[in-house]
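Paired with chain B in one complex and with chain C in the other, chain A is shared by the two complexes that follow.
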Partner chain A sequence: MNKFKKFIYNDNTVGYVFALPFIFGFLCFSLVPMVTSLYYSFTDYSLGTKSASFVGLSNFARLFTDDIFIKSLGITLKYVLISVPLKLAFALFVAFLLTRKSKAVTLYRSLYYIPSLVGGSIAVALVWKQIFARKGLINSVLDGFGLSAINWFGDEKLALFPLILMSVWQFGSSMIIFAAGLKEIPTSYYEAAMIDGAGGWKKFLKITLPCLSPIILYNLIMQTISAFMAFTQAFVITQGGPNNGTMMYALYVYNQAFKYNNMGYACSMSWVMLVVMSIITLVIFKSSKFWVFSEADS
Partner chain B sequence: MKTRKHISTLLYHLFVLAFGFCMVYPVLWMISGSFKGNAEILRGGLNLIPKDFVGTNYSTGWRGFSGISFKTFFMNSAFITSIATLGTMLSSAFVAYALSRIKFKGRGLWFSCMIATMMLPGQVIMIPSYLIWYRLGLTSTYVPLILPYFCGQAFFIYQMMQFMKGIPRELDEAARIDGCSKYGIFGRIIFPLLKPSIITTVIIQFYWKWDDYMGPLLYLNRPKQYTVSIAIKLFADSASTTDYGAMFAMSSLSLIPVFLIFLIFNRYLVEGIGTSGLKG
Partner chain C sequence: MKKRIFALFLAALMILSLASCGKKEESEDIVLRMAWWGSQTRHDRTVQVIEMYEKEHPNVKIEYEFYSFDDYFTKLKTLVASDQVWDVFQLGGNFPEYMDKIYFLNEFIKSGVVDTKNISDAYLKITQDTDGNQIGLSNGLNTYGIAYDVDMFKAAGVPLPTDTWTWDDYADAARKIKAATGHFGSSGFTSSEFIAGCSTYIGQQGALGENGFFNLELTGMGFKDAQMLAPYIQMRADLIKEGASPDAGAEMEITNIENDFLVTGEAGMTWVAVNQFPTIYDICAKEGRTLALATLPRVSKDGNSGSVIQSSQMLCVSKDSEHKQAAAEFISWFQNSTECNDVLQGERGIPINDNVRKSLTANATPGQQVMYDYVSLVGTFKTPDKINVLSPSGQDQVVDLYRNYIQQVAKGEITAAEAADLTYKAAEAIFK
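What follows is the complex of A and B.
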């Protein structure tokens, strides 16, 4: 009995008892799917067929000749490269705007958070579609300024912009993280800079940005990852059209898997996505040495 | 000098309010659209006050599709969301406690795995997960939408770990001296003190799950099981012309729980998001 008690209260046992949910979940819902996905990416597996036959690297070779795949890769990169910096700049701008000491600021922050609050829902995606429709809100505004209406979803070069705008519009959580970071910057830094005669811009560039850089890094990585995975907006608003002009990577993977039932091929695409994203995240991390300012260096 | 300062303050508040109004305009437009007729919505007017007030959108929308009303869809969403959120909260707190307070063999490894899953894009495991549930015969049940949430969510585990760092270890020590086991320390000390972090978790997970579209899209295929997000999309999919008024009405209704929780727990949410990012 004593031995049993000793076992139960042993740190190793306690640790594994509490960590068990994660370990179980990690093995069943992350590791096993990843390994099976890797296996399927070398097969021509599809639902319904009992056995998948090994096709070697042909799925990956096919990617290079798949025009839609190459196009979707380009579109996703474009989406990430435009929407993420815009969103972060906008979030920082609003966070900076709301640093004033005023009771109303908390209220304003909530107001500016509303788009992020509702933006993930299907409801807002459908509204967005209507806003950019041929006779939608945006075109009414353009009309009001005497400009001609734009057929947003009819032109493959333009169709991506409503989606980018929707992503930028949801800047709320980045803004709140920035706002918390801005609060942490000691006011003595600014006072010292003022004595040295630094102006507003100079203070922003020399104090605010370096002090915020770890938070910028965090936001950059989180937003890049989620931008790469963008699916719902494209699926609901444009279905990838026109002429695959908004065929986001995740949407194409979904289509290959569940529309055309090419599970093996879709798995290989998922893996390419994982590799591309890992490389980009790694590059951001490596580059952070040059622009992220840490307390330890100073 | 003083008046100039007053004017600049006034201008600041006016600008922030006007700009904020533009930001929430699409949402307001949707709500007002739920009281407009289809013709008026399609004309795309900027007005927020309907020209002809239409009150029937809510009742026609609520009727739903093929005899299934929105009551069913809301109940389904509420069920999935509440169970999954409860699961996330409990399991994440357990795991965070193990990883931050207990020194056990393999802790470093599991911590790395946790960080890795946080970075892992869901789309990569989407297809194989689907195939596994398919093999188990559990597609078109709620199990794939709920069970994984009882295994801790990396994002929240990490956030709770950050929060636990701020709980003084002296409390653990004192409890140990009083004869409390490590299980008791979690139940009597850590978990109650974790409250702010738990509230943040509940709110964020609630949003994510309530808005989740891809999960139900993949796993649910009988209309009786549909969640609100899938059902709203049906308005746009219907073969006949889309009833925009009804769609906006149901969309507005679907946002009510989100807004309510936001209003009640606003403070925790802002603090929670702020700190989770700060120390990240």
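What follows is the complex of A and C.
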């Protein structure tokens, strides 16, 4: 019994027991599916017929002749490049506004956080679809000002922007993290800067941004990854149209896998996506030493 | 310590025995899983008859799920992959893709579990495969048509469609309605458009039965010259460009037949599978508008109609089912019970059981009467001896591509001739 007690109270055991739910989840719901999908990416597996024969690299070769794939890659990159900086800037701005000492701050923070909570949900996407519909809120307002209505989802060039705007609107989680980071910056820095005669803007550029840069890096990476995986908006609002103008990468993977019965092809697409995402994340990491300020270095 | 462990052990034992108790009870009760796609009306009515069935059969519990058309098949594909297809499930002309999962009704018909006394052989045949296996029982007869708003035609000064109107008449009507009312001439209920429009257009060309979109055996294309599609694609693209038909953005706002632009009063016509007609007729009648059904336009006045009466959809038993007989019993009741069909009201198509059909036609609502008359009219059209109304696996992708090509033609990115070639190639590719 004593041995058992010793074992159970051992720090390592306790650690593993607490980590067990994650380890279990990771093995069953991440690692196994990933390995399976890697295998399927070299086959012509399809859900409907359940047959899978080895086809080598032909799925990957086919990607480069698939116009919709290439288009979706471009659109997703565009979406990431526009939505992530906008979202981070907006989140930082709101977090900045909400660092003032006031009792209402907690309320406001919770309010702004709610959109993130319901973030990728179908309900929000449906609301968004209505707002930008031909006779939706935005067009009614435009109409009220005597402007002509805009056909948001009918024009290939415009259709992506409501989706980007929706992602920006879900800035809550980044904002909370920014707000926490802002609180960590010692007020003595600002006081010193004030004595030296620095203005508000200068304080922001010279103190806030550098002190916050590790957190910006974190948010940047998390948001970039989640932006690459954006799916709900495109699936619910536009279904990839018009003319595949909002065919996000994840949506095309879904279509190939579940709608067109090309699971093997979809798996190979997912792996290409993983590689693209890894490269971009790596670039962000590598670049971080030029702009992320850590107190240990200085 | 030892005591505690013993107590724990006892508790665990108790829970286990309790759980096994629960299981025993379940095995006496039968739980059937069932799913279908359709509109809200269908969901409401089907749920109602399921509750009726459960009341009559206290040992049967039916767990039901319902979806829109696209989502239904997405879900079905995942269930096929995990060998968990619903006990009773609905399939349409795309059943060949799911053949591996369908449990034929042959033995149940032989043993009398499925009652086919009042169903004529001709109606049984429409849901049999080429070897005579009974794949399912058809929920009803169906055909495609164009539903239109009578007043909108009159307001635009367009003559009402005749039985032999042509695609030129159709496009002309759409343009005039747009010009006179500012609304869409023709809406785009796209789930029906590919079959009712594009595919029918091919069948209307050449001699009777010479052409079809896919061949009879579903092993390849049913026509040789891709350019046969071009005029139709050109017409669709022109109507979109001129605003007489919804563009991709507007089309996205239509999620099912009940909010199609024809029903919301923003369009003069739309494509329908005629079993959908009574529902939308009733909705519009409440608002004081009258809908009517027109035949599918033809390529030429005296040419083929291209229309065919087919099974709208059927209920099948799945091979994954643990209660195949109970599932078959339910299907039999669903098809043959007049009480059940009085609730369903032929919403899935005109029932194939003679008694049920008689009882329904005797009390037909005005909207249903239009549908019955229309189906008899189409029944008088000349049809080829053999016709293929089935969809091959992979058709979804072809349809998505085809729609996209039309949008590209409307935008002027490609010509209709190129779109026809591309569509043909995409369709050919699914057989390779």
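Convention: the second predicted complex is superposed on the first by the 268 of 298 C-alpha atoms of A that agree within 3 Å, B and C clash if a C-alpha of one lies under 4 Å from a C-alpha of the other, contacts with A are read in each partner's own complex, and residues count from 1 in each chain.
We take it that contacts are C-beta pairs under 8 Å (C-beta built on N, C-alpha and C of every residue); 3 or more make two chains touch, one makes a residue touch a chain.
Note that the coordinates shown come from a computational prediction; the quantities given were computed from them, not determined experimentally.
Asker: So in the superposed three-chain picture, is A:47 touching just chain B, just chain C, both, or none of them (first/second/both/neither)?
Answerer: Both partners, chain B and chain C.
Asker: Return first, second, both or neither, reflecting whether A:133 touches chain B, chain C, both chains, or no partner chain.
Answerer: Touch status of A:133: both partners.
Asker: So, A:238: does it touch chain B (first), chain C (second), both, or neither?
Answerer: Only chain C is touched by A:238; chain B is not.
Asker: Please indicate which partner A:156 is in contact with in the superposed arrangement: first for chain B, second for chain C, both, or neither.
Answerer: Touch partner of A:156: chain C, not chain B.
Asker: Could you say whether A:261 touches chain B, chain C, both of them, or neither, answering first, second, both or neither?
Answerer: second
Asker: With both complexes overlaid on chain A, does A:193 touch chain B (first), chain C (second), both or neither?
Answerer: After superposition on chain A, A:193 lies in contact with neither partner.
Asker: Let me test your reading of the model: by the given contact rule, A:34 touches which partner, first (chain B), second (chain C), both or neither?
Answerer: first
Asker: Which parts of chain A are in contact with chain B and also with chain C?
Answerer: Overlap of chain B and chain C footprints on chain A: residues 47, 129, 133, 258.
Asker: Can you check the complex and tell me which residues of chain C touch chain A?
Answerer: 1, 70, 73-74, 77-78, 80-81, 97-98, 100, 247-253, 393-394, 396-397, 400, 404, 407-408, 411, 413
Asker: Across the complex, what residues on chain B touch chain A?
Answerer: Residues of chain B touching chain A: 12-13, 16-17, 20, 23-24, 26-27, 29-30, 33, 41-46, 91, 94-95, 97-99, 102-107, 110, 113-114, 117, 119-132, 134, 148, 150-152, 157, 181-183, 186, 207-208, 210-211, 213-214, 218, 229-230, 232-233, 235-236, 244, 247-248, 250-252, 254-255, 258-259, 262, 266, 270, 273-278, 280.
Asker: Could you list, by residue number, the parts of chain A that touch chain C in their complex?
Answerer: Spelled out, the residues of chain A in touch with chain C are 1, 47-50, 129, 133-134, 151-156, 159, 237-239, 241-244, 255, 258-261.
Asker: Where on chain A is chain B touching in the complex?
Answerer: Its residues touching chain B are 9, 11-26, 28-30, 32-34, 36-37, 40, 47, 97-98, 100, 102, 104, 106, 108-115, 117-118, 120-124, 126-131, 133, 135-137, 139-141, 144, 169, 173, 176-177, 179-181, 184, 215, 218-219, 225, 228-229, 231-232, 235-236, 250, 253-254, 257-258, 263, 266-267, 270-271, 273-274, 277, 281.
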